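Heads up, the next two complexes both have chain A, just with different partners, chain B and then chain C.
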Partner chain A sequence: MTARSARASWIVIAVHELRGLWLSAKGLTVLFGYTILLSIMAFIAASEAQLNLLDARESVGIVVQMAIGLGTLAALVVSADAISGERERDTLEALLVTPVSRRALVIGKMVGASSMWLAGIVVAVPYVVAMANGPGVAADALFVLVVAGSLVGASLTALGIAISAVAMSNRVSLAAGVGVLLVFAAPSQLPAVTAKGALGAVLVAANPVSAGLKLAGLVLIDQETLASQWTLLISPVVAAVVLTYLAIRLSSRVRLGGAR
Partner chain B sequence: MIVRGAFTTLAIIVFVPLSVFAQVSQDVELVVNPGSIETTLGRTERIEVRATNTSSEKVGPFAVHVDITDPASESSVDPEDWTPTLTQEVEGLEPGESNTLIWNVQPISNGAYSLYAVALVAGSVEVAVSNAVTVRVESARTLNPEGILPVAVALPLVVGALLALNLRRSAALRRNRNARLTK
Partner chain C sequence: MNMNGSAVLCEGLSVTYGDVTAVDRVTFDVQPGEVFGLLGPNGAGKTSVVRALTTVLDPSAGRAEVAGIPLDNPNGLRALIGVLPESNGYPGSETALGYLRFYGQLFGIPATESADRAESLLWQFGLGANAHQSISTFSRGMRQRLGIARSLMNEPQVLFLDEPTLGLDPAGREDVLSHLTSAVAANGTGVVLCSHLLDDVERVCDRVAILDQGRIVAAGTVGNVIEAAGIGGTMRISVVPEAAGRALESLLNLPQVARAESNSSRLGEIDIDLVEPEPHANQILSLLLGAKIEIRGVQLEGARLSDAFLKLTQREGER
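This part shows the complex of A and B:
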């Protein structure tokens, strides 16, 4: 297979995945649930901010953190279904007999699943702009949402695809993906005193999910500058690159049976 | 000689603080103003606590502490949610001298509460107590806080409408396919 045809085949798979996700009810159902949860959280945060029970910046930080958390969860759920779902629905065989390499299959599916997070960003922008208008932090909030959120979203999409490539069933793939997300998110729930300690700070910064959420908190709530906190983007960048590479490497393990 | 010195030290340790405690509890008058407060949720209210030395001797230093409670016990109150600084220090008051301390309190839930202040010396067993101020807090929820309501309603509606259209289209495609298969 030539490089050009290999390039074309992942585009074909990506287009097929995008159609499957957005022209069926799957993607829009997840997005509908995402908007409902975001609306509830934004309304509660805005109510608290209006009554001065919550700082206006803090309410923006909560909405951005919620958008990143829910958006990446949605992307993980969709990507965890990508290959193990095909295997479970007995449609993987049809894909594997097509003249498409397994690598192109995985890359195409990763691009398709990434659209879930992109849709999450598009939907979250109006909430963030409406909330950030008061305290005047719209630019910072959008930067954190788009940059930190996209890196975390890309990491977890690649993770979901990697798990999906080797998981025996969809249920195992989803459970493993959500379990890993919970482990990733755990350091962001450390008590303030522990998180400020040397070990706690390293744990938070080394973990792509907690680092992204921490960046949102520091910039939007604690009024730190983006320039002073850019190091928190290191682990999301590293995770996005490493997990994408891992997912592509694991493409050779995509088989009809015999997966773990 | 040593025994006498020890008794003197003990007398200083025991009696001097006791005399200070007595002065604070009996000779300091605390008055909280305003006498009652009607407010709405989210507003900040200024509370003045005037401490006056009503004795003929200097009193202090002592601490003045504000507390808030719900006398009807309908809700639990954490005063630190209302104001970050509950205790303030008074260096000392000369006879007849007054010192007014300010607290800015922000109620975090609606209801009827009592606010009062006490003056005490560290380790004291007695306190001087102020009048109790009734704080009535009305709820102040609005339908469109910070202008978020249009966004919070419109986005789920738009996505929900797209989902409904999608489901309808899928159902129509399924019906057509079944019709073709039947033919």
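This part shows the complex of A and C:
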């Protein structure tokens, strides 16, 4: 075996995943749906800005929040299919009988699925730049989109992979992933009074999704500085690290029949 | 290979699913270059044995070595084996060449070398012209051949094939088996072949083991297994039609004859099931000749593996 000149197995898996995602209809279909929804929201926000119902910062803020929300959902959908999809299509056993470790399999799959969120950023950048009415707003918006969005995207990708590693079927995996995302999104539905209270602030800050969205709102709509609101990045960072670790730990549970 | 040179050494292997024992203290060995058939009805435990030996399932008891590597070194073991699983799916959107190249890379083969090896195997398995075609356009037989080609990408020391000819027409089966035997013979690979198709097994396997309800009920060469099942052969005798009744009467009185019937569509022909094969056939012929019955023809056929399989695996109520 010429192992020295061979690629690390997780890289082989990641490259294969990227090809599978972007050279087949799957990734492009999800990205198309994401783009359509983002376009509709951008159109509405831009129209309201033209009618002076929103100022430019607010419209950019809404688009960034939508891009983060929809992009992480798309990443979750793709990652939830990564291992349970192989299981359902009867292609998992052939992978499990290769010398690739379960950990390398999960890391490779995670890297491949992360490309969904990266594609989401690439699609959102022109909308943000076009709607920002100055370089300062565009820079803030891009920072929030790339940094906060990527942390939230990485968290949900890792979550999707972790669920997919143990779920029996794609449907279970997807339903569990979306269910957790809805729980994460719940603080944004808190009544205004509760949200502004101490408990509401803690709930929002502790939840990586709502913290990311809140940061976008505060910086882009309420014109707070990034330096004053950096604490809102703590929970996305913690979630990205913890959920990635969890997904890798759960790689030992990748079995033919799920975690039965 | 292990200390005694076996490709597979399996001792007292058991697999349980909760309270259900799927494989119960199974012991067998496979030598390099040998094709070993693992037979049994549905649910007998064949696939569980293969999955335990390929480290997909953890056995609950027993020990095993494959290519000299114990089961507790799964990555090392898997580097030396090729597997065609029973329910093997294929990514329809990939090309045959891309699919094999990917698997080669998973075995640590660099991309260029992997592509070369993939192309060579595709030609060897009659798929060279379809190398750049997407797998979704392949027939079942083509997919099976692709699966076997994939299992040979790492030039394995031991090959596990779970129902490789299932669902194929006779020509497809013939095709897969001939490709398989020629590929294996060249490298001295030990093969564990699970199949329901006993004609295939009889043709290609050096030794077999019959599993029933998780246990091995017979093992050895096909001849050994038939003998262990205590099944005789069959015989067809043609006599002059006028003597058929007399011949039948004499035959039915013989303890060596399990069953004798006149063939209703061919006058003078008698079908006989023997308790044991050849020695009894000689006695029967001597008896008929001694009774001055003119014999026009004799056809003798030994017992088949399928007869032994049915006898060894049928429950009391099913017989």
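Quick note on the criterion: the second predicted complex is superposed on the first by the 248 of 260 C-alpha atoms of A that agree within 3 Å, B and C clash if a C-alpha of one lies under 4 Å from a C-alpha of the other, contacts with A are read in each partner's own complex, and residues count from 1 in each chain.
Keep in mind that, in the parts below, a residue touches a chain if its C-beta (ideal position, glycine included) is under 8 Å from a C-beta of that chain, and two chains touch if they have at least 3 such contacts.
In this text the structure is predicted, and so the values were computed from the model without any measurement.
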Item to check | Contacts of A:39 with chain B and chain C, given as first, second, both or neither | outcome: first
Item to check | Touched partner set for A:89, first chain B, second chain C, both or neither | outcome: second
Checklist entry - Who does A:123 touch here: chain B (first), chain C (second), both, or neither? => result first
Checklist entry - For A:31, is the partner it touches chain B (first), chain C (second), both, or none of the two (neither)? => result first
Item to check | Overlap of chain C and chain B interfaces on chain A (superposed complexes) | outcome: 23-24
Checklist entry - Which residues, counting only chain A, touch chain B once they are in their complex? => result 23-25, 28-29, 31-32, 35-36, 38-40, 42-43, 46-47, 49-53, 56, 59, 123, 126-127, 130-131, 133-134
Item to check | Residues on chain A engaged by chain C in the complex (per definition of touch) | outcome: 1-3, 5-7, 9, 12-13, 16, 19-20, 23-24, 89-91, 93-101, 255-256
Checklist outcome for this item: Residue set of chain B touching chain A in the complex reads 41-44, 106, 108, 140-142, 145-153, 155-156, 159-160, 162-163, 166-167, 170
Checklist entry - For the complex, which residues does chain C have touching chain A? => result 51, 54-57, 75-76, 78-79, 81, 83, 85, 87-91, 93-94, 98, 102-103, 105-111, 113, 147, 150, 154
